[in-house]
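Chain lettering (A, B and C) follows the sequence in which the chains are written, and residue indices restart at 1 in each chain.
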Amino acid sequence: MDAEDTLTIDIDGWEGPLDLLLTLARSQKVDLRELSILALVEQYLAFITDARALKLEIAADYLVMAAWLAYLKSGLLLPRDPEVEPDPAELALRLQLRLQRLDAMREAGARLMARDRIGRDVFLRGAPEGLRVIRKPAWQAELYDLIAAYGAVTARNVPVMHVVSRRPVMTLEAALQRVEAMLGHALDWTALERFLPATADPSLTRSSRASSFLAMLELAKQGRVELRQDAAFATLWVRAA
Amino acid sequence: MIGQDERAVEAVLFAAEQPLTLAEIGAAAGEGVDVAAALAALVQSYAPRGIHPVERGGRWHFETAPDLAHILRRTREEPRKLSRAGIETLAIIAYHEPVSRAEIEAIRGVQISKGTIDVLMEAGWVRPAGRREVPGRPLIYATTAGFLSHFGLGSRRDLPGIDDLRAAGLLDPVDDMLFNVEVESAGDEA
Amino acid sequence: MIGQDERAVEAVLFAAEQPLTLAEIGAAAGEGVDVAAALAALVQSYAPRGIHPVERGGRWHFETAPDLAHILRRTREEPRKLSRAGIETLAIIAYHEPVSRAEIEAIRGVQISKGTIDVLMEAGWVRPAGRREVPGRPLIYATTAGFLSHFGLGSRRDLPGIDDLRAAGLLDPVDDMLFNVEVESAGDEA
């Protein structure tokens, strides 16, 4: 056979014994349903014998198939022995079906690959805009929230402004004037507290006490008043000099 | 009847990943294709359809018809409550408009984060209203007609005045408010 | 005259990044659009054009006409080139699905290397489809909607020659255990 040489050389190219069998079957150039299994078995065994003669490495599964086919061949040639199960004719039919199946899938694969394929024969839209669902927040607020918020902002700012603009202090100058003016009326020893303005604000009291004390020290330095304190932390007395 | 040139040009435009010049369409569609004539024919035959070939800056591409934009971009509304910073900022704009960002911050006593005014604009309640003619020319903001209708106000004069707020007790709980402000300003910075 | 439904469906399909089911088209095109009727009208009106709406596995998309492949192909890369084992394995899965690896190997008469099914899964053509309830619970494989689109098949019924193969009994459940056992026992004797 012509094919034998190339087959021998290409032994590594087969995808297993079934692949080789199918190729040999195809070389019979008949419909696989009309295939002569006996002829196919002969071809396969001859191929393996040749390959061995050429001392080619033959994978074990090819030899297993060869052994099975040799067994099938003897079963097909010998008169039918009803004791032998399964029937060799049925095994031959099953082999034929297997080859048909593989052949059918091979052909189906080729036909699939030849279809109009996306990216080769037909093309999709190159730059689709896309369908987008945009989640848009629907902002919610009630009029009451708005008004209450403005009230909160306003209320937050009012006390801050009050403290800054109207901080109650008595300056040293104010204290000097006040003490000088009052000294004109008080001739005897007078307690420092008497010079302080009347107020309920404790921070103004502290401020005026400190300023008045400084004012008296200044006046004493100028020799215009006399100061007297009987003990530490005791009442501070003042009179015109 | 649709000509072969027209079919080729339409397929080329459809499959292209970016808008194409006449020369690029011609190079793809092949020799002897009258691209300009094919495009003119396509523009006409697609005119009543939901998609059109259009030219933008010398390049052609397919676009969906402008009147169908709503079906391509479906918006789903999700109710969201305005943050406290948002509602306060909105209140300040409503009472003081037009007002700049710096002025809002001065009144609030707290910085406002970048997104706060954006949210109010997105809600359709606040709009930029020009610039204040002072150094830096800051943007100033005012409320919109959508603001009035959302809050059921005939005009801004319907907003209660400071005296009304005081009478309603909305200026009283100063200490509580101060406490809340501390908490909230920490949140704002985050 | 092109109806409003047709325009909407055409724009939706055109803009979509993925093939869409009827329900998805309906959701995008809006209430009250007769999607099936619009698609039927579109198929007809696009028949002579260079691009067509097509259905693949229950999903619709636009693609270019196959006869224009020559002008579009030159700028494009060839799609994934499959090995012979890959092609056969894909065909076996497509025609026999769902099918286990052992069943694929029984048809091919050889073991399939580990990467063969992986390549098909990576291409998006094959997916695991559960397990066969037999000893060992082997994974079974089936094809995907992406397989149908890629190969231009409306459904698996459109697989070339599938009816003839089924009628010839070539797609019957694979049962070659006996044959394999025989081979082994014969081998033992050899």
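By definition in this document, a contact is a pair of C-beta atoms (placed from the backbone, for glycine too) under 8 Å apart; a residue touches a chain by one contact, two chains touch by 3 or more.
Since the model is a prediction, treat every value here as computed from it, not as a measurement.
Enquirer: From the Cα centroids, identify the chain that ends up most central relative to all protein Cα atoms.
Expert: Smallest centre-to-centre distance to the global C-alpha mean: chain A.
Enquirer: Could you work out which chain's C-alpha centre is the most distant one from the centre of chain A?
Expert: Of all the other chains, the one whose centre lies farthest from chain A is C.
Enquirer: Rounded to the nearest whole Å, what is the centre-to-centre distance of chain A and chain B, using the mean of the C-alpha atoms as each centre?
Expert: 28
Enquirer: If you average the CA atoms of chain B and of chain C, how many Å lie between those two points?
Expert: 43
Enquirer: Distance between chain A and chain C based on Cα centroids, please, to the nearest Å.
Expert: Averaging C-alpha atoms per chain gives centres 32 Å apart.
Enquirer: Counting only residues that touch at least two other chains, what does the list for chain A look like?
Expert: As it turns out, chain A has residues touching two or more other chains at 123-125, 129-131.
Enquirer: Pull out every residue in chain B that's touching 2 or more other chains.
Expert: Residues 11, 14-15, 62, 64, 72, 74 of chain B touch two or more partner chains.
Enquirer: Once bound in the complex, which stretches of chain B touch chain C?
Expert: Chain B residues touching chain C: 1-2, 6-12, 14-15, 28-30, 48-51, 62, 64-65, 68, 71-72, 74.
Enquirer: Considering only the defined contacts, which chain C positions touch chain A in the complex?
Expert: 12, 14-17, 28, 61-66, 69, 72-73, 76-79, 82, 84-85, 87-88, 90-92, 94-95, 107-110, 149-153, 159-161, 165, 168-170, 174, 176, 178-179, 182-184, 186-187, 189-190
Enquirer: Note which residues of chain A are touching chain C in the complex, please.
Expert: Touch residues, chain A against chain C: 15-19, 63-68, 71, 86, 91, 94-95, 97-98, 100-102, 104-113, 115-125, 128-131.
Enquirer: Over in the complex, which chain A residues touch chain B? Could you list them?
Expert: Contacts found on chain A: 123-127, 129-143, 145-160.
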